[in-house]
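Across the two complexes that follow, chain A remains constant while its partner is chain B and subsequently chain C.
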Partner chain A sequence: MKTNKFWPWLIFILGAAYFIIPLLATFIFSLRMRRDALSFDAYVSVFSDPKFFATFGYSLVVGVFTIIVGVLVVVPAVYFVRLRMPWLKPIMEFTTLLPLMIPALVLVYGYIRLYGSSSLIPFTGSVLGTDILLTCAYVMLALPYMYRAVDNGMRTIDIGTLTEAAQIAGANQVQIIGQIILPNILVAILSGAFLTFAIVIGEFTIASLLARPAFGPYLVGIGTNRAYEPAALAIISFVITWGAMGMINVLGRFAPRTSARNT
Partner chain B sequence: MTDTASQPTQRRRIPWDALAIAPFVIFAVMFLVLPTISLIGGAFTDRAGNFTFENIGGLFTPQILNAYWISIRVSGASAILGALIGLAITLAIIRGKLPAPLRSAVMTFSGVASNFAGVPLAFAFIASLGRIGLVTIILRDVFGLDLYRAGFSLFSFWGLTLTYLYFQIPLMMLTIAPAIDGLKKEWNEAAQMLGASQWQFWRYVGLPILWPSVLGTLSLLFANAFGAIATAWALTGSNLNIVTVLLYNQIRGDALQNPGLGAALALGMIVITSLANIIYLFVAQRAERWMK
Partner chain C sequence: MAAFLEVNNLVKSFGSNTVVKGVNFAFDKGEFISLLGPSGCGKTTILRMIAGFENPTSGSIKVDGQDITGLKPNQRQLGMVFQAYALFPNLNVGDNIGFGLKIAGMPADERRARVDEMLKLIGLPGFEKRYPYEMSGGQQQRVALARAIAPRPRMLLLDEPLSALDAKIRVSLREEIRAIQLDLGITTVFVTHDQEEALSISDRIVVMNAGNIDQLGAPHEIYNKPATRFVATFVGHLNTIEATVLDAAAKTVSIDGQTATVPALPTTANNGSAVSLTLRPEVLAVGAREGSDITLTGTIADVTFLGSVIRLRVQLGQNVVSLDTFNDQRTAPPARGEPVTISLASKDLLVL
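Right after this comes the complex of A and B.
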């Protein structure tokens, strides 16, 4: 039985063209800042702008806090629901899908109305409060991905047996989560973390509505004022995203599998 | 939300269960449930704080209806095209017997491309297909095809759809690949032994099995595009009057000059994405019943 390979190849090549041509064109475009020759002038210009590092650094810090808060919120909840309250799992799964269904723009509108400076919990009343609100908004934005990463991690280890063994050895609940479960799902958590990072680092909508000096709003500002720098920034962003995703792939090879059930 | 704290287990003194899921519950209530309720409340409240349907009625102006309609069209077109093209590429790679290393390379790339959204994506398409974009220039100078004279514009409905496909197609590929892996090779062989052609196999076996997964992803893609704003904002500014851009302007500077109307606008968005999901659940249920 011979299968014709012509169509698969044609579809693949057309698809690849759609994805590669814009990247290639953007890269070449970013090299054309100097009139007579290809150069990296646009990149030099980007990297010599102190605001680039200031905003990128800000988003980086917010991203790190987003990951920490996300792990603290998700890991204990997934662990206990899996171990003792499996009937809660469908509700939890539905909840973590909601941020994909309710647009981030709508949620942030709700935050601004609810946590404005004259409200009961005035997050937006101070700079620190706004930073905290931004972090929480990002945790919500990344929740579907963090939840799925952690849930997949816990599925591949046998948390029931690990917990019983630790309890027999005299460990308390904090020790069990911190010293037994967490190290075993570290790879899963890290993939969730890198995915969170990829989402948060260039986020524009929430940061700009909360008026924080993040990387996303900075990018938009450059886009309206410059011609070649945006192309260079697009390439830089692509490389950053690629780096984050590449880390997830690399980490996947170190995932522990203590369970016989390999789903 | 859920209330497990009220059922203490007698053996343990510290209610670990409740403590452990408390952060999650508090988070979900504070940053998901309450904001949504506040918007629903705001949509039915007038300036003086009284109950009203006026805000909802206020949505039915040509400007706002048009914004919803453009958003629905862009999201629908990019979701349907993304799903079809993504399905075709994934089938070609997994079932078309292309070299195995190609598959892992393509899937890794899909992971990157599905996250390469927002502002940088808009920049990449401006640099390629904008008025002075490289692809535009090459098509004009080398092939004699002037896209913009032919009526194309990156800052239009089709331009935005074409740009959205850059993250919609990979998202489809990533979500549908496991379902395609689930199609057993034996089914194809059995169908062939019974004399079915490739076309008949896909028409009567393959696609009916994939159908619910395709529909599920379709609703995800729709919501994904419907809520997107960064790409559109960086690409077109306020040129293209989609509903997210309208709401963004409303949040930033009360562009509609009526907070209640803004809340109604947001509520309308939630209703539309929910409807997309309800339609999906309904059709998926029917599709499953049909399969039995």
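Right after this comes the complex of A and C.
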């Protein structure tokens, strides 16, 4: 028995150390701002910077819109492909993987070309337009995660029969998606949403090239001209990201149970 | 009276595969109709065309004089129960039953009253706060039935609603479905591949075979006067006895050296040709029975004890026939290998 458990534990400890040691080192470093003692001075410094809240707030709002637009695009798309056009599924899978293959830099230069202030659709000509463009870019970046989350959610329920049951009871497509499909895949959508949020909060390339005051560019800016604050920020964003992941688990418990669990 | 449900020349092809091949039927309001047939014969496809989930390749469907062929499912005012229950997992029982009512815009208090009424009807009062996953299959299917009939649909469609349930519940729930159907007087189309189920609860049965209707009639007609050999073998058990035609014109045959007059002979029968006669197990009797004019002797090949009934398999020449005798507690059941005399009335012979 003992030897059986030794190797798994060793591998677990090595793996955990691989992740935890750098994190711990960063954390300890972030406490070293005061010369002779450990302190939270770096954190105080971060939180007293008004730009921290401004950029974080901006990214938060963009993140929320990204999630809403992403859900509105992905849920009906996955639903109709599963229900009516299953042959489209491989194409859809491939398309949703493209954002992982195309560097964000390429994407944003394409955007600036296509939507630049001298183009036919000058999104970047106004602040609001640029914000919309940024949101759309983020919807795209988050697509691989949102798509997979929603697709997994729909796999667990029999959307075909549930749709028919709702249809024969008189419901139209909008009512079916809104009242039956969405509530049943809420947990999946939430996990997609928090992944999206984590991506948006840390994103640098697109936000900085579109010159928007987002959290990502702020983090990088701090990193290049301060010593201890970046470490503190790294820990803070780590906590935010993990908080988002943790929420997926917590909210999962409140979700309605699907019939799939019963059978 | 004009027909309530009318199906005219209904055809459905999936690509080059025609699965429903020109089906016609007409039923009255309040009838309980079963579509019965083996797997793949097109029963579900017909039901789904009535519901509006499949578009017919050609043909039309009328309900209450209205042609519904082109309507969407949500415009047809029909109720449907699915094999896999298909309750909405995110809604509790009350909201499941009230779903169609809510969609139709019924105010909340009226809806609650109707849901209560439905819960009483299916024998689950007080269950409205339960979620589907907290109930047994039989309970879920009853809720599905309540959900289907709550909005007072013009017709109720059921696609093998009992086949996911175990045997005991299957029998009790089918009786319950029939009782509710009679109570509400709702026209019902019930799809099943279980002949016993169809025989026990239907007003009329449509026996399907490979996309065609082989016979349409009341249960006793289907069973006693099967129109085709397929119907006879699919519905109930069928015995075959070989005989020789004595006089085709007089419809006399020789069975094991005894002359019998049969109700009909195939037109191809000539004097001296062999003919297969078929008969139900219950027209055969052990020993002599009043009205029987043919006796045959054989040996008992097998004995199956079924409680109140004992099913015997008797070897007659190269044929084996089955027959049932009542279990008589005062005498020992027949044993395998014993000689036995059986009798039958020639008028009960079927020629298919």
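Simple rule for what comes next: the second predicted complex is superposed on the first by the 236 of 263 C-alpha atoms of A that agree within 3 Å, B and C clash if a C-alpha of one lies under 4 Å from a C-alpha of the other, contacts with A are read in each partner's own complex, and residues count from 1 in each chain.
Simple rule for what comes next: a contact is a pair of C-beta atoms (placed from the backbone, for glycine too) under 8 Å apart; a residue touches a chain by one contact, two chains touch by 3 or more.
What you are looking at is a predicted structure, and each value in this text was computed from that prediction instead of being measured.
When chain A is checked against chain B and against chain C, the one touching more of its residues turns out to be B. Legend: residue contacts after superposition of the two complexes on their common chain; A:103 is shown touching chain B, with no touch to chain C. In the superposed model, A:184 lies in contact with chain C only, and not with chain B.
When the shared chain is aligned, chain B comes close enough to touch A:72, but chain C does not. Touch criterion met: A:158 reaches chain C, while chain B stays clear of it.
Using the contact criterion defined above for the overlaid structures, shared-chain residue A:166 touches chain C, although it does not reach chain B.
Contact residues of chain B toward chain A in the complex are 2, 4, 14, 16-17, 19-21, 23-25, 27-28, 30-32, 34-36, 38-39, 42, 85, 88-89, 91-93, 95-98, 102, 106, 108-109, 111-113, 115-116, 118-129, 132-135, 165-166, 169, 192, 198, 220, 223-224, 226-230, 233-234, 237, 244, 247-248, 251-252, 259, 262-263, 266, 269-270, 273-274, 277.
Within the complex formed with chain C, the chain A residues making contact are 157-158, 161-162, 164-172, 175, 180, 183-184, 256-262.
Across the interface of their complex, chain A is touched by residues 51-53, 72-74, 76-80, 82, 84-90, 99-100, 103-104, 131-133, 144, 147-148, 151, 157 of chain C. The residues of chain A lying in touch with chain B in their complex are 1, 3, 5, 7-9, 11-12, 15, 18-19, 21-23, 25-26, 28-30, 72-74, 76-77, 79-81, 84-85, 88, 91-92, 95, 98-114, 136-137, 139-140, 173, 177, 195, 198-199, 202-205, 209, 216, 219-220, 223-224, 227, 230-231, 233-234, 237-238, 241-242, 244-246, 248-249.
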